[in-house]
Amino acid sequence: MKYGILINEGPFTHQASDTAYQFTKAAIEKGHRVLRVFFYHDGVNNANALSEPQSDDRNLVKLWGDLAKEHKIDLVVCVAAGLRRGIKDQVLAEGFRISGLGQLTEIGMAADRLLTFGD
Amino acid sequence: MKYGILINEGPFTHQASDTAYQFTKAAIEKGHRVLRVFFYHDGVNNANALSEPQSDDRNLVKLWGDLAKEHKIDLVVCVAAGLRRGIKDQVLAEGFRISGLGQLTEIGMAADRLLTFGD
Amino acid sequence: MLHLVNKSPFERQAFESCLGVARKGSAILLIEDGVYAALKNTPFEAKVTEAIKDVKICVLGPDLEARGVDQVIEGVEVVDYGGFVDLTTEHNPVQSWL
Amino acid sequence: MLHLVNKSPFERQAFESCLGVARKGSAILLIEDGVYAALKNTPFEAKVTEAIKDVKICVLGPDLEARGVDQVIEGVEVVDYGGFVDLTTEHNPVQSWL
Amino acid sequence: MSDDIETEFETEGVEKKFMFLNRKAPYGTIYALEMLETVLISAAFDQDVSLVFMDDGVYQLKKGCDTKSVNMKNFSSTYKALGDYDIQKLYVERESLEARGLTVDDLTEVVYEDEDDDWAEKPAIRVVSRDEIAVLMEEQDVVISA
Amino acid sequence: MSDDIETEFETEGVEKKFMFLNRKAPYGTIYALEMLETVLISAAFDQDVSLVFMDDGVYQLKKGCDTKSVNMKNFSSTYKALGDYDIQKLYVERESLEARGLTVDDLTEVVYEDEDDDWAEKPAIRVVSRDEIAVLMEEQDVVISA
C-alpha cells in the first residue's frame, strides 16, 4: 500500500513527529511504501539542520533524513510555512526539499492513505 | 513596576508571542519597566532571524528586536531549548542573546511580576 | 492573585480548573481563545455568573474584536491591554492556566 | 474509517467529539496522550465500554508503556506500531482528531 | 537530497473526495489560517473538496472579526473567496453552532455559482447535523485535519 | 545586541516563593521535561520552591514509565532526584489523582533529607486537596507554568 504522511508539529515539543516516524518505519517493515512526508505548520521545524538534541535523546531531524535516504522517501517542507518560521535553504537538513502546498494535495491523490500527525 | 516575561511558544503558531508583545508595549506606555523577556520551549523560535512572514502580516522577530532596542529590554533565548530546536548563534536575530535557564529564575527574583504566555 | 486563561472552555479543561481554584478576592482575565468563556448563551454562562459573585472576571477586548464576538455576560468587565497591565499591578502572583 | 485520537480526554474535547461521530463498523485508535482514555477507573470507562459495542477501540501499546499505565478497559485491544499500520490498511479514510 | 528519490507521482485522472476538518478556533492558533491556504491550493487540482467546521471550528466563520488591535493578519474575509475558487461545500455542524449560541446568520456569507443551474449564486455553507457529518466523513478518500 | 541593555539584575538577598505548576501529561508534549529542567536549575538559587501537579500533570509522577518503544528520552526517573536538589515540596492534587483512578502508591517516590530533623528521609510528595492548592497559589510570589 502507498502512504502519504502529513506532520503538523515540530520535533520534541509534540510527539507527532515521533509517532509519524515510528509509523513510517513500521509501514516499511510490513512491505508498504511511504511516498512522501509533508511537513506543514510547525512541522517545518523538523527540517532544521541546526537542531542539536542532548546526546542521550533522539535526533529527529537526522532520523528522518536517514530513513528517507534508505527508503527513498520524499521529504517535503512547505515553502510558505517555512518562510514564516525561518526554515529556508540556509538551514535545511540533508534529505529534505522545500516545495509548495500543492505537493500535499498531490500526495493525497497519489497515495492510498494519507495520515495526519499533529497537536 | 518591574516585569519579567516568559514566552513558551513560537511566533505565528500560537498567539502567545503576540499577546506578550502587546502586553509589553502597554506596560511600557504606562510607565512600567520590562526587564527581560525569556524565550523558552518553542518560544526560542521567536529569535529566528530567517523568519520571513508575508508582507501583509506582522514580523514578530523584528517587532521584538525593535522594541527591545528602543526600551532596553533584555531578550534571552534559553540555550538548552534553543539547541534542541536549532536556534543558535548562526540564526539569532538582532536584539536577542542566548543564555542559561538560570536567567529565568533570576528574573523571577528581580522583577515585581513574572507573566507566562504559552499554550 | 490574577488568573490568566487563554483556552476555549469548549475544547480544554483549563477554564474549569481555574474556576475550581480561584478564591474570593482574586481575578480572572480571559485572553486569546479564552474569551469564548465570557460570552452569553453558552453552557458556561451560568458558571461564570455564579463565579462573579466572588471573583472579578475580565475579558480582553482586542481578543473579542479579533474573533468578531461581543455578547459579553453581564458583570464581566471588558479591558484593553492597558487594563490588562493594571490588573497585574493590582494582583500578585499572576498565573497562566496553560 | 479509522479515527486517531492523540489527546487526553481529561484535558481536551477531542475524544468525546470523536465518540459522537464514530459509526458502527469504524475503529478508533488511541495514541500519545489519547491512551489515557483507554484506562480503567476513570470517568470515561463507561463511555468506552458502551462505544465498544459498535466501534472497535484500540490503544497503542508503546504509548501506554511510555506513560507507565497498563490497566486497559476490557475489550480495548492493545496494538503495536505494526498493528497501527494494519488498522490503516483495513480502514479508510484515516482521520486525526487534532 | 539524492537524485534517485521519486518526487513526482502519477495523479493523472485521479479525482478523490478530500475533506478538510476544522475543529479549532481562529487567531489563538494559526491552524485555521494555514488550513485555508491548503484549501485554496487544493482547488487547483479539481478534486471533490469539502470543508467541515465543528466544535470550535465554527468560530472560524464568525463574521465581524477585526484584528487591528491584536495586530494579527485578518484572514476571515478569505472564507468569502472560497466560492470564487469553486469550493461549494462548507459543512457546519449544527450541534456545535447551537452550543455556542450561534446561528447561520452569525457566519460569513459564502456563495458559489452553480454551473448546472445557469450559474445561479448559491450558498456554500450548509448547516448539518452531527449524524450527517459522520456519514460524510466515511465517504471521504482523504481527511486532512489541523 | 546593544551594549547598553542591562543584562544583570539585583537579586542579592532575595528569597521568593516560586511555584512550578504542572497540568500537562508527560511525553505527549515536552513541557513536563523542560519544566523539570527549569526546576533543577532553580534549586541553585536558594528560593522557596514548590511544585504543583494537578489535572493531567499528576501523570508526570506515574511510576513504571518505559519509553524504549517510543524512542523518547525517559525523564521520569529525574523526579526522584528532586530531593537531592533539596526540593522538598511536591504538591499533588487529590481530586486529580482520584479522577484518574490513581493513588499515591502509583507515583514515583521522592524523598528529601530534613536538616531540621537530623537529616531524616522524608517524603517530598504531599497529596493535598484542591482547596489547599488554592491557598498555596495565593501565597506565591511567582508562578511558572508550562
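Note that the chains are named A, B, C, D, E and F in the order they appear, and that numbering of residues resets to 1 at the start of each chain.
Definition applied: a contact is a pair of C-beta atoms (placed from the backbone, for glycine too) under 8 Å apart; a residue touches a chain by one contact, two chains touch by 3 or more.
It should be emphasised that the depicted structure is a prediction, and the values quoted were computed from it without experimental measurement.
Q: Tell me which chains count as touching both chain D and chain E.
A: Chains touching both chain D and chain E: A, C.
Q: Of all the other chains, whose mean CA position lies farthest from chain E?
A: F
Q: Check the residue numbers that chain C and chain D use where they touch, and answer same if over half are used by both copies, otherwise different.
A: Interface between chain C and chain D is built from largely the same residues.
Q: What chain lies farthest away from chain C once each centre is taken as the mean of the Cα atoms?
A: A
Q: With chain centres defined as C-alpha means, what is the inter-centre distance between chain D and chain F in Å?
A: 30
Q: Starting from the mean Cα coordinates of chain E and chain F, work out the distance between those two points in Å.
A: Comparing mean C-alpha positions, chain F is 42 Å from chain E.
Q: CA centre of chain B versus CA centre of chain C: separation in Å?
A: 24
Q: Could you list the positions in chain A whose residues touch two or more of the other chains?
A: Those would be 8, 12-13, 15, 19, 22, 41, 54, 57, 114, 116, 118-119.
Q: Among the residues of chain C, which ones contact at least 2 other chains?
A: 6, 10-11, 13-14, 32-33, 62, 80-81, 92-96, 98
Q: For chain F, what residues touch not just one other chain but two or more?
A: Counting only residues that touch two or more other chains, chain F contributes 23-24, 27-31, 55, 70, 72, 141-143, 145-146.
Q: Every touching chain pair, please?
A: A-B, A-D, A-E, A-F, B-C, B-E, B-F, C-D, C-E, C-F, D-E, D-F
Q: Inside the complex, what are the residues of chain A that reach chain E?
A: The touching residues are 6, 8, 35-36, 40-41, 68-69, 72-76, 80-81, 94-97, 100-102, 104-111, 114, 116, 118.
Q: With touch defined as at the start, can you tell me which chain B residues reach chain C in the complex?
A: 1, 3, 8, 15-16, 19, 22-23, 25-27, 29-30, 32, 112-119
Q: What does chain C use to touch chain F in their complex?
A: Those residues of chain C that touch chain F are 1, 13-14, 17, 20-23, 26, 92-98.
Q: Using the touch definition from the top, list the residues of chain C that touch chain D in their complex.
A: 10-14
Q: Please give the residue numbers of chain B that touch chain E in the complex, ascending.
A: Touch residues, chain B against chain E: 12-15, 18-19, 21-22, 54, 56-58, 119.
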